[in-house]
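Here the structure comes first, spelled out in structure tokens, and everything after it is commentary.
By letter and in written order, the chains are A, B, C and D; residue numbering begins at 1 in each of them.
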Amino acid sequence: MSSILKVEELNAGYGDVQVLWDVSLDLGKNEVVAILGPNGSGKTTLLKTIAGILKPKKGKIIFNGKRIDGMPPERIVQDGIALALAEKELFPAMTVKENLLLGAFNKHARKNFNENLELVYKIFPRLKERENQKAGTMSGGEQQMLAIGRALMTGARVLMLDEPSTGLAPLLVKSIFDGLRQLMETKQELSILLVEQRAIQAVELCDRGYILSNGRIVYEGDIREAVTSGSFMRKYLGV
Amino acid sequence: MLDIFPPLLIIDGIVLGLTLSLIAAGLTMIYGLAGVLNISHGELVIISTVTAAVLLQFGSPLPLALLAGLGAAVALSSFLERVVLRPIYGLEGEERVLLGLYITLALAIFLHSALVSTFPLAYLTLSLPIPTVSFLGLTFRTAQLLSGGIAATTLVALFLFLKRSWSGMAIRSLTQNEVGALICGVSVKRYRLLVFIIGGVLASSAGYIRGLVATVGPETGLEFTILALLVCVVGGVRSVYGTIIAGIVIGVVYTFLIAMIGTYLANVALLVFIMLLVLIKPYGIIGERW
Amino acid sequence: MNIIECTGISVFFGGLPALRKVNLGVEKGEIRAIIGPNGAGKTTLFNVINGVVKPSEGKILFEGRNITGKPPHVICRMGISRTLQIPRVFKDLTVVDNVMAGALFSGRLKGDMLEKYVNDVLEMVGIADKATVKGGQLNIQERKKVELARALASKPCLLLVDEYMSGLNPMEIEDAIDLFKRIRKEYNLTIIWVEHVISAVSSLADQVTVLNQGEKIAEGKPEEIVVDDKVVEAYLGERVVKHT
Amino acid sequence: MTAQIRITRRNQLIAFITLCTVYIFLPLLFINTPYVVFIMTQMLFFTIFAYSFNFLFGFTRQLFLCIGAFAGIGAYITGILLRESIVGVVESVILSTLTVGFIGWFVSYLSVRRRLVVIFTGIFTLAITLAFNNLVIGLVDITGGETGFRVRLVSLGLLDSLPLYVRFYYLAAATLLTTAFISFYLLSYTKIGYAFRCIIDDEVSSGLIGIDVAKIKMITAVLASGLLGYAGALYGLFSQLITPSYYGFLSLDIPVQLIVILGGRATLLGPFIGSAIISILNEALKFLGPLTQVLYGLILVLLLAFFRNGIVDFVKRRIVPWFF
């Protein structure tokens, strides 16, 4: 499978706090890849660096054969990498619809606005019901759906999801993962980089994955096998 | 006790309030996007009225003078964003707000003194050919109605721009959540400049609108800033809509206070109110959040 | 008797609970680790103990005295010191002045002893060679060391350490573990320690408390904790437990 | 470590003694040119104002944008009490000092208690400045409005034997040097100095290591404001005229801020150097008339943008670590 996103020996962090050390990974076309790891292992930093919000200290990020490290975030979004963060980062005083509209801010996303909106409403019907509600007044699960929906509105070919299950009740987690599964079935040419602290949901969506511990990749390969094997917990927590 | 019929006073207040709202809306947007409380904002009003007044004195046609004034305000505002404020963008949090406050304060002093000493007599008065109109048995000043009308129209236009256009959406998104806007592909740099330009346009129109009903002199810049700042504090430093409502309320209250207890004590009353407000609700009465 | 006893601590931020009825009792001389996923409330618990945040409910006894709601500087003078997740040293003061400040203001040391004590702490933490360098010129790990030394210099009975190990490489983690062992022995301290480098936790902590979404879900020895169903679930998701 | 501190202390003492000598003997050089002594007296008063502002803003980060108003309140209290012959000079000045000190404590208490961010303290105190101005102009019957009122020349006891124009010079110099000496002493020889250095650097950490930041802020506010009330009252007596324009934001606060920023925030020698430069500039640029204001604004912008830490800091970093 040809790869759409490739990260090579990435070092990054905040100010003089280095969080990531020589992280390399690979995401294929139409593939869902999991990145697992406990908190503080650098998962969110990795996603923010790929999205251009943080500048890498060293290393390469290659998207679709082109280097994108060091490019400003708006260029990276336009090229086709979208990010939904665990903190959601919604516009609380705007309606659901307006939030989605802003997802489609870049030029080519504006063209496919209706098509993408239909897709988002199809996988998260709840958002259509709440179309005119202010984002700040919604529940955590709904906000999570909106964050993912807004990322999809960018018309991205790579979707990066940061802990979509954090802090949510099991039922909501299920509806979000059902939505993602449906998304993978309907949408062509979409790859997902799924960052999760809890492994099990991730295992149901993807075969391959990485384990990040303390800023370094400590495992790479079949994620199901890793989770079911006895040594997982040790590896996962870096014991 | 009141020399003027109260309804007329109310209209006077509303016109003043709308004018202040125009200035304050720019102040609010700039604060939202750049994290700077622009103390030199009132000088943008003055730079355009002074430019227009000077050109008019040299016999330039009115539209050209007004346009030139507008250009001056926009140019100054853009210069402020691109050059003067550059040192603060690398800073975070309180340091940034503080240095921004200081630099713009210094700039305000500089512009104020420069304008007052260079053009001490550049007063702008835009008198209209027909002084009054009668309506429902009351006699209104034409200028009063016209300026109120223009101010309201400008505010509606601003409202629609923010609500409907892509750029307006981008500006609102940046004030609400900068990281969120970044991951939607909104460029901070570009829209920061845009709000300074819009702030310049709004300030300039506020100056002209004021020029319809009063005389705007080069020394009034700080006064505009202070009143607009008060409007912002009442309306919530990040809410454009709160700003508009607060502007009208302050305009009316202020006008009545002046009519009742004179300008100076009215100022004192207003300032004491603001001080209480800063203590009780630092984030404004109307605005929803920072 | 426990040196610190927190009972029924709840904290709400804007209606949302950050901590719910958490009890924590730590014995004198113990090293207690607190672990848990993101947003579990670990740092909030520290903030409550050292007075940065007032608890909405609950009571904290330190050496038998009620310290609930006292401001940070008072709590420091009573003998609880703390380091922060992102270290904040005094940037314009030299390393030795940073540490001296810690010794000076806690009021727990007397005049003549100050200088010797400060030098000892610098040696112990391993930053003595940078004594005359300004705080602002240090790298992140050196800052962590200075902050730790500053906290130790106030001669605390209870030390709260927030994520000392993050961002260190395995070698440095080994050194840090060794350092904490020596600190405990030398200064006869009780340490409460928030950490997510679990390998360090298991080789250092006597007891581990696990928080999840503001609640305490488990407590026990490190080797018990790693196999505790609730803990595994909190970290990995509910169905893993059934698989294994 | 200790050796270094000892050197710094010795150098500070040398600097202080030099200052004393210069300030005591300088007016004797100009004994025949009253105008120069007048200008130097004015400079001394501005140095005192700058000292207050420096303690408030430089050392404890309390942005009081009401230095002029505080000094003005002091001047008006003393002026009015003397005009109405209610109490004597000493009592008036003491009352000014206490009143302004109390107001300063109150503002500080409010902003510490309400945990106002620096900028809100700034807005709050800016409102005080404007309210003071409007009040003074509005209450014409009491304050004389824009034109103000004259104050009779008062007796200064022992100093009366000196020529008229030198009396206030020495009074101001004594105030300033005492303030400076006490500050030097406290900052270099006591724990308080250490606490100030910590607070300037990082307030959160200061609290964590056991410094009562709120208390230090409030004490500083009382003392600095009291000094403003005192110096303001003396400035009024010295000018023999009390008008709002002397205590306005543009005429007092801006030069004071310029002095502090030029000299360097949170330094003890900064205000001396800053005010000397400003006074000389002021005289040199007299021919510009109102344009000096313009120039001040421009200098302030440039300083803030490119030279934020001031001259003392520049010297300290580049040449010797003398001044604190």
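Criterion: a contact is a pair of C-beta atoms (placed from the backbone, for glycine too) under 8 Å apart; a residue touches a chain by one contact, two chains touch by 3 or more.
The structure displayed is predicted, hence computed values, not measured ones.
Peer 1: Just to be sure I understand the contacts, which chains border both chain D and chain C?
Peer 2: A chain counts here if it touches both chain C and chain D, and no chain qualifies.
Peer 1: Which chain is most remote from chain A in terms of Cα centres?
Peer 2: Chain D.
Peer 1: What pair of chains is linked by the most C-beta contacts?
Peer 2: B-D
Peer 1: Could you give the separation in Å between the centres of chain A and chain C, each centre being the mean of its C-alpha atoms?
Peer 2: Once rounded, the distance between the two centres reads 32 Å.
Peer 1: Report the inter-centroid distance (CA atoms only) between chain A and chain B in whole Å.
Peer 2: Here chain A and chain B have centroids separated by 42 Å.
Peer 1: Where the CA atoms of chain B average out and where those of chain C average out, how many Å apart are those spots?
Peer 2: 50
Peer 1: Could you tell me which shape the graph of touching chains takes: line, ring, star, complete or other?
Peer 2: Shape = ring; chains linked end to end, path closes on itself.
Peer 1: Following the definition at the start, I'd like every touching pair of chains, please.
Peer 2: Every touching chain pair, ordered by label, is A-B, A-C, B-D, C-D.
Peer 1: In their complex, what parts of chain B are in touch with chain D?
Peer 2: Of all residues in chain B, those touching chain D are 37, 84, 86-87, 94, 97-99, 101-103, 106-114, 116-117, 226, 229, 233, 262-265, 267-268, 271-272, 274-275, 278-279, 282.
Peer 1: In their shared complex, at which residues does chain C touch chain A?
Peer 2: 37-39, 86, 139-140, 163, 166-169, 196-199, 202, 213, 226-227, 232, 235-240, 243-244
Peer 1: Within the complex, which stretch of chain B touches chain A?
Peer 2: My answer: residues 166, 169-170, 172-173, 176-177, 179-187, 288-289.
Peer 1: Please name which positions on chain D make contact with chain C in the complex.
Peer 2: Spelled out, the residues of chain D in touch with chain C are 1-2, 4, 191, 194-195, 197-198, 200-202, 204-205, 207-214.
Peer 1: Quick check: in the complex, which residue numbers of chain C touch chain D?
Peer 2: Result: residues 50, 71-73, 76-77, 81-82, 84, 88-94, 96-97, 100-102, 104-107, 115, 131-132, 135, 150-151, 154 of chain C touch chain D.
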